Amino acid sequence: VPTGTQCFDWVIPQEWSIRDAYFVDPTGKRHAEFSKCNLHVVSYSEPIDKRVTLDELQQHLHSLPDLPDAVPYVTSYYRRTWGFCLSHRERLALKQGNYRVVIDSELKDGSLTYGELLIPGETRQELLFSTYLCHPSMANNETTGPALAAYLADGLRKRTRRRFSYRFVFAPETIGAIAYLSRHWQELKAHVIAGFMVTCVGDERGYSFLPSRLGGTLADRVATHVLGHLHPGYKRYSFLDRGSDERQYCSPGIDLPVVSIMRSKYGEYPEYHSSLDDLSLISPAGLAGSFDVFTRCIDAIENNERLRVTVLCEPQLGKRGLYPTTSTRESSAHIRTIANFLAYCDGSNDLLGIAERIEVPIWDLYPLAERCKAEGLLETTGS
Amino acid sequence: VPTGTQCFDWVIPQEWSIRDAYFVDPTGKRHAEFSKCNLHVVSYSEPIDKRVTLDELQQHLHSLPDLPDAVPYVTSYYRRTWGFCLSHRERLALKQGNYRVVIDSELKDGSLTYGELLIPGETRQELLFSTYLCHPSMANNETTGPALAAYLADGLRKRTRRRFSYRFVFAPETIGAIAYLSRHWQELKAHVIAGFMVTCVGDERGYSFLPSRLGGTLADRVATHVLGHLHPGYKRYSFLDRGSDERQYCSPGIDLPVVSIMRSKYGEYPEYHSSLDDLSLISPAGLAGSFDVFTRCIDAIENNERLRVTVLCEPQLGKRGLYPTTSTRESSAHIRTIANFLAYCDGSNDLLGIAERIEVPIWDLYPLAERCKAEGLLETTGS
Amino acid sequence: VPTGTQCFDWVIPQEWSIRDAYFVDPTGKRHAEFSKCNLHVVSYSEPIDKRVTLDELQQHLHSLPDLPDAVPYVTSYYRRTWGFCLSHRERLALKQGNYRVVIDSELKDGSLTYGELLIPGETRQELLFSTYLCHPSMANNETTGPALAAYLADGLRKRTRRRFSYRFVFAPETIGAIAYLSRHWQELKAHVIAGFMVTCVGDERGYSFLPSRLGGTLADRVATHVLGHLHPGYKRYSFLDRGSDERQYCSPGIDLPVVSIMRSKYGEYPEYHSSLDDLSLISPAGLAGSFDVFTRCIDAIENNERLRVTVLCEPQLGKRGLYPTTSTRESSAHIRTIANFLAYCDGSNDLLGIAERIEVPIWDLYPLAERCKAEGLLETTGS
């Protein structure tokens, strides 16, 4: 999307490239060297090469007093400025005197780039997965999103059967999502039945959920069902706590059914937006846990349908080998799940609603539904 | 209903009759004698007369280790088998050796029998009471149901005025209800406005309630109102805890408004389905308590109607002798109930809804409604 | 409204005037002198001048054993009687003997008088404020209502802009409101969008709220919002606890959206309906607190409207000076309110609903809404 393109209320900005950045103290020592860590320069800083006093320089420095060894991640859009990020410890050691500040950057017309993958299924109805790439060096709050999204996409592409189509969007946060939506929103509104932000999915701390703007969508229902059964201690945030591209997907008029399933939510863990959000914070196990949750959400939607029993009164399960033939105190418990399942297959509940109603994880019902459909006891009445 | 008749998904089975049953130990002593207690033989056992080792016999014995003196009640439908029930204490004392097992039973074509009583009222709208007879020797979980149902029916038959018709069904559990419904379900769906399972109504422990499948029916509303005022500590079960013929009456497609009001619920008291559920467990007081609850439910429905005040603003109660003429601190409390009652007689609430809203038992409102109708202050706007 | 006029179910009674009242004990000492305190005579007492024994007199005396120094306020409508109110201490000191009772009163045809003020606004839609004047010498439970209502009316009349019209009603409680409604109810039903009883608004104890009959009206919503943010410890009563003219305004068929915002509610404070409810109980600060709450309710309704953002996706706030251009950990919190506000401006929520949803007081949103409308970011979609 070329620089200068109008996307709803926004204009695609110039492209920023950075070659080097640092500042030199009165003794000639270099600090905040971009070549050592790309967090040292404030993103989008304009080019500069001049001498300043320490007092002037301080106006352009960012550090974290509470995390004195961490380099913060700071970005500035739309306002022409420049700045450096460094550890608070290093900042405190700076001495009075003249400093040389060097930022070898460039702002020029270019383009915004996003990635898009559409994996077709049996129907045009789609599940949307959106993630972003714009936070330099961030691990949990950046790389885990595209990594997990790519892995999910790969698995979905290999499935032999997909009832739904799957759309993956990789774009810079905010402006990227806005640019993408400005070109595709009508298509998305026509097809997306559930959407998920994929961000902050790599650490091994708890799980988090952030609902859609008004709540109650299929995405909300399936995410809370899966998390509620797999990780009942998960933290539920309010839409008021949002901070990623659900801000666009759920905005009035767009109103896509998009929720976020996360491990440690952005803004809520100590290492957030600092050099401490590095690879040591995330792990294969952390990502695998998220993969499991997302996969179960996908499977729940793939298997979700409205079901109706084909006979009046309770079906005779015994003749179909579904019922223990001897009635004892103990045996009655064993058939409770199947009886409860069939009792709510009334054509108005979908499988997810039935699972919630009878208080079992939806995945326990897949084989039962399959078996009962094979026996002619159940018919599908809708999605 | 003759053996072999198709009733929805079920077929009426052969009739089982039992003349005698016992087994003989190596010393010649008889055990599990049917003639002493009809629980000793597994219901529906096929005829047998043969010699078996103790090990073989054990495969066919049932006892309750937790209640070593109780004989369990066990039944087997549809699977041809045989077995004996005895106390765990007696079972443990059995010695190795050869045993003779004798079951003098017969399975032959016959019929399923149910009883039905329809007491007509001013309208075809009906209240349904269903109970069952199929558990040999059980007191709370069997005899109390038909006993109370018969007593309720007798009282209703003697009433000089019945706004609604009353249907009583006495049938074997499960197959009997299914057979009954297969012949009458359309009639019931057309007429039944509230239904009640009558089972486990004879002990003196607490009260229990089990709602209809989706809840919120007139039967649910009236039962919880009556129990909530008379026995606020009553235990509320979920429909997932069901276990009697509400399984049929509330099944998808049948969906009758049927709830269960019980004392100790089947499956939830220690003596359940054992020889300990005998006459010592139940009492006239236990049955009388249930009778009172059911009667209040009936009266609540008989008296329920939509009411509307005939004047705008508060009626002048004083000129009708309904209001104390001196206003003191104390007198204001006395007229609160009548004022609250009239305030919600807006033509959209029924008497039950008004009682719930103003937090009084509905029976407190019967004389008020009568009096206000007589004064021309209230008119009926619907049932 | 002349004596004898039929007003719905009521008839305007004769006018009662009182010149003097007292009784004389056997020693010649006067008690319960009306000339010293107008509470000493039961309101509406018929004229009398006769000698009675102490026992006869006691049938006509009222006192408060729990508050032995207080004179109760007692009134008797419609029943011809007479009586005196005095402190319990004085009553206990009365000696046996002959008493002379004197009540120089008069009951004759006259009229009921009410006051009405309609302050026109840009639309015919109205806010109603109703208060009463009929309790002699009561401070919190009488004078504060008309005082605050007059003060509110004065302020509203001076406003340069009033979106809505404002109706103030001053009438005797019960019969006055009924008389007023009998002449104006259709007009009120056509125009009133929110109404407030103004009573018991002068002491410095907590705040109270009494909802409309069915709840959920604009008046209910705005009152609970304002009280919830300003005085979160306010006491919420049920409509069942009502006692003033909401009994008429909210009666079935009238059903105006009228709620009560009070300090200490009538009937709930020890001095209620006694000589202790005097000027020492109320204060300028007590009245000012109520004035603030009512004014914020008025402002909330004046400012309430349905709003919709004019752009899809999040608006670009930076170019409008509404967004900090440097993104740091801290800055994200600052823009949360405006982002949340715009996220719920979807054309279906009114400002009050948005404030509730995003958990801020509505008055925080007035400048934001103004600013965003000026920037063309918001449009009004309805009231």
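Per-chain numbering from 1; labels A, B and C assigned in written order.
Please note the rule applied: a contact is a pair of C-beta atoms (placed from the backbone, for glycine too) under 8 Å apart; a residue touches a chain by one contact, two chains touch by 3 or more.
The structure displayed is predicted, hence computed values, not measured ones.
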As a multiple of 5 degrees, what angle does the CA superposition of subunit A onto its copy subunit C give?
120
Is the contact between subunit B and subunit C built from the same residue numbers on each copy (over half shared) or from different ones (under half shared)?
different
Cα centre of subunit B to Cα centre of subunit C, whole Å, reads 52
When you check subunit B against every other chain, which residues touch at least two of them?
none
Looking at the complex, which residues from subunit C come into contact with subunit B?
7-11, 42, 62, 64, 72, 74-79, 81, 83, 174, 177-178, 181-182, 185, 213, 239-240, 243, 247-248, 250-255, 267, 272-273
Going by the contact rule at the top, pick out the subunit A residues touching subunit B in the complex.
308-309, 311-316, 318-319, 325-329, 332, 336, 339-340, 343-347, 358-359
